[in-house]
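You will see two complexes here that share subunit A, one where it goes with subunit B and one where it goes with subunit C.
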Partner chain A sequence: MGEIKMRRKVPMVILSAAGVWIIIDYLISYPVIQQVSLTLRNWSVIIAGFTLMLGAISTSILHGKKIISKEQGWGYSSILMLVLLSTLIIGIVLTPTHPAYEFLYFNAFFPMTTTTYSLLCFFIASAAYRAFRTRNVDATILLVSAILVMLRNAPIGQVIWSGFPAIGDWVMLVPNLAGKRGIIIGVALGSIYTGIRVLSGYEKGLTGGGGE
Partner chain B sequence: MDLRKVSKDPRIIYLITFILLGVPVLYPIGIPIPISDITRDVYNFIETLPEGSVVVIGIDYGAVSVPELQPQSEALLEHALMKNFKILFISLWNFEAPIYIERTMKAVGMDDYEYGIDYVNLGYFPGEGRAMSSFAEDIHQLAKYDYYGTPIEQLQMMNDITSAHDLNAYLSIAGSGHGQFINMIQTPYNVPWIFGSEAVAATGLIPYIASGQAEGIIIGPRGAAEYEAIIGAIGSATAQMDVQSLVHLMIIIAVILGNISYLMNKGEN
Partner chain C sequence: MIIAGRMSVLIVIVSLYILSYFFIRRVKEGDLPQIRKIEGLDAITEAVGRATEMGAPVLFTPGYCSRGLSGTGAPDIIVSMSVLEHCSEVAERMGAHLMTTICQPDVFLLAKDAYKTGLLKGGGVDTYDRVQKDVTFISSEQFSYVTGTLGLMEREKVAANIFIGPYAAEALMFGEQGSRLGAINIGGTASTWQLPFFIATCNYTIIGEEMYAMGAYLTKNPAQLGTIMAEDYSKLAMILILISGFILSNLGFPIIEQILGM
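Right after this comes the complex of A and B.
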């Protein structure tokens, strides 16, 4: 029990100390504080690079187990591992600027990704007819606003009537601005609250414990 | 046509969408593209920057955002080169972005400019907000080498560029993460900022323009097409506009027809 407490307390102390130091650096301009703060931030950039690698390692372990035990879908896992390893090896050995890497990216990954997202266009078109209903006042206002902004964004809007861009701009610059401003301020206040909880050690979820 | 049949079988809508997507690409219509004030503000701001200004072109998008954001990157790079800016390429949000930095440079053509003197590519740094914060405070401590492995001290252009204080503008073309850029770079260092964003994300960025934190925004492929028209470099965004116009119109008509069908059914019941 004592060991578990230490395993949670030590990371929390390190987290709080680093966080407070960076806040102090923002408030007070002093060379030693600045240099330590910059070093901490550069270390976190390096650690962030390792987390990218961690994702690849976790994926490899998961699919590797599937392949070894020949679970259902192990064939797809094999293809995934083959593509992952070949991209990794080509990227490391030949570098991402090499034509072979660009060939793999633009002739495999890019068309598959853009094709998958392009399907959304057809689903949205179908949903526009089958699902977007003016069931109540709120839904009607939402639909009308959406149509006005669409006519603002597409050049054909101004061809149909020269007033559409001005109305679309009003929707963006008045009601949208007001709503988004409220959301941004709300998110900022929430972030400050969460940050204070994390730095003061109340947010135990980060080290495996429950929050208070 | 019985509208209820369309509700039961969406393939009719899929077919119409497919036709409207494909035909204008093969047979362009040439629907005129009026220039909006919001895009012209971006152009006017960049025009106020003197020759030799240090400008960051932050390319931070992946494959899913390419149709909307790649034309913006190319148009902004064209304009920056016309103005003889010192250009610093960097990516601080999306790990796919370096490949699009290369693609943008190839598309526009950098043969008349010298690497290390007129432009530098620092590549991608992970860590999002942390990388942004480090970049803004001390570029040389974050980026000891450029994207191609050259030590940063050997790049003449970087001798006078050490932090965000040395930047005259940051052109941020990103699929997401704009808020963090504003928090970590623009506001603490008061860097003049331009957004390049997808149409769907633009609504969330308008408050930053209204508050004066950003000088302007290029919204989606329409904004890119307008920018291409302003600088006289017609490109891929302009080619998309006929398709965008027709498909948007189709969706609006589909919404109206769908609600007419709904109200008719409601009346019958």
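Right after this comes the complex of A and C.
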């Protein structure tokens, strides 16, 4: 039991010390503090790189098992492993600035990402069709304000009536912005207090003590 | 000694720290606050129960989590992991199958631990194999993670989705996919850009600061309850400062602005 407590207390102490140091660096300009803070930030980037490697290993094990046992969808897992390994090997052997690597990135990965992103317009249309119905007062207000903002953004709004852009601007700049700022203030305070709990060692979930 | 313009930040940090310490002590002495009902959280049990009856799985996913624990969404990630632990416990007690997809590798480590803790709390055994199988790291690239999760939702025909965490563009895609499959969607994020999409596509939405009350609501942990109380009083103080600053500035006395700019 003592060993388990030590395993949790030591990381918590390191976490708190590092966090407080970074805050002190933000408040005080002193060369030694800045130097240590820079080192801590560099270490965090390196650790993030190692966790990425961990993610790649986990993915490889998951899909490797699927391929070996020929589970449903093993063909897709094979393609994934082929692409993962080829990108890894090309990146390591030829470096990420090599034309072959850039070809993979700009002609395979990038178009697929933008294609998936572009699906959003269809999702928005589908969500709008479902959500903007006059079921109750709140839904009606949502529908009316959505129409006003759409007429503000689409050129046809100005063509129909020159007052639509002004009304749409008012909706965005007054009630919408007010609500947004209220939420942001609440979120900011919540984030700060979560940080205080982490630095004070009250968030046990980060160091494996979530069950207590 | 203090960098110009940052004295007010130091004062605020110290004040909030003192306030949280004060209220945590009060809670530990027995003065428990009443947290109002958060429908989205109560709906988790309903959603998991529905999935159990239908024999379909439940999906929990915390979103893109840009830059993981190093990013600005780190507090949201911490909150989502406590919700994951709760979902895992509820699913284990009800006999439902909970799946999790993760986008960032550091969040993946936390998720495995939270999932396992929840399983153990729910009375589960053989946790190692189940964690390996049900907590999946998809990819650290946003849309690779999105397509992987959408595919999983479609193939497994999930009956309930719990989307709580720092979401980006995938909020709409996940919510819409869940709606299309007829699943119960529970969404929660602190991002004001994604909240409207959750409101449009989810049955229950947890808005902004309700996220940070979730941990306290679920666990009744004294530290979390104390900081919720401190948060409420801080908000009241901020409102008073805003109003007095507004009035004084308009009367020609920008004292509050000068203090905040110190």
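One rule holds for everything that comes next: the second predicted complex is superposed on the first by the 170 of 212 C-alpha atoms of A that agree within 3 Å, B and C clash if a C-alpha of one lies under 4 Å from a C-alpha of the other, contacts with A are read in each partner's own complex, and residues count from 1 in each chain.
Following the convention adopted for this analysis, contacts are C-beta pairs under 8 Å (C-beta built on N, C-alpha and C of every residue); 3 or more make two chains touch, one makes a residue touch a chain.
Everything quoted here is computed from the prediction, not taken from an experiment.
Participant: Applying the document's definition of touch, where does A:Y202 land relative to subunit B and subunit C: first, second, both, or neither?
Facilitator: Touch status of A:Y202: second partner only.
Participant: What is the contact status of A:N107 with respect to subunit B (first) and subunit C (second): first, second, both, or neither?
Facilitator: After superposing on A, A:N107 lies clear of both subunit B and subunit C.
Participant: Mind working out whether A:S126 is in touch with subunit B, subunit C, both or neither, as first, second, both or neither?
Facilitator: A:S126 contacts both subunit B and subunit C.
Participant: Which partner does A:L54 reach: the first (subunit B), the second (subunit C), both, or neither?
Facilitator: second
Participant: Output check: A:K180 vs subunit B and subunit C. Expected answer is one of first, second, both, neither. What do you get?
Facilitator: The answer is both, since A:K180 touches subunit B and subunit C.
Participant: Just to be sure I read the superposition right, which of the two partners does A:L151 touch: subunit B = first, subunit C = second, or both, or neither?
Facilitator: First partner only.
Participant: Can A:S86 be said to touch subunit B (first), subunit C (second), both, or neither?
Facilitator: neither
Participant: Of the two partner chains, subunit B (first) and subunit C (second), which one does A:M172 touch, if any: first, second, both, or neither?
Facilitator: First partner only.
Participant: Could you list which residues of subunit A make contact with subunit B in one structure and with subunit C in the other?
Facilitator: Of subunit A, residues 26, 44, 48, 51-52, 109, 113, 117, 124, 126, 128, 130-131, 180, 183-184 contact subunit B in one complex and subunit C in the other.
Participant: Which of the residues in subunit A end up touching subunit B in this complex?
Facilitator: Touch list, subunit A to subunit B: 26, 34, 38, 41-42, 44-45, 47-49, 51-52, 96-97, 102, 105, 109-110, 113-114, 117, 121-122, 124-126, 128-134, 143, 147, 150-151, 153-159, 165, 169, 172-173, 176-177, 180-181, 183-184.
Participant: What part of subunit A is in contact with subunit C in the complex they form?
Facilitator: 23, 26-29, 44, 48, 51-55, 58-59, 62, 73, 109, 112-113, 116-117, 119-120, 123-124, 126-128, 130-131, 180, 183-187, 189-198, 200, 202-203, 205-206, 208, 210-211
Participant: Inside the complex, what are the residues of subunit B that reach subunit A?
Facilitator: It comes out as residues 6-7, 10, 13-14, 16-18, 21, 31-34, 36-38, 62-64, 66-67, 95, 98-99, 102, 125-128, 130-131, 133-134, 137-138, 141-142, 147-148, 179, 188, 199, 202-204, 206-207, 210, 219-220, 222, 225, 241, 244-252, 254-255, 257-259, 262.
Participant: Give the list of subunit C residues in touch with subunit A in this complex.
Facilitator: 1-3, 6, 9-10, 13, 16-17, 20, 24, 68, 70, 75-76, 78-79, 81-82, 85, 104-106, 108-110, 113-114, 117, 120-121, 136-144, 146-147, 155, 169, 172-173, 175-176, 179-180, 190, 192, 195, 197, 199-201, 207-209, 211-213, 221, 223-224, 227-228, 230-231, 234-235, 238
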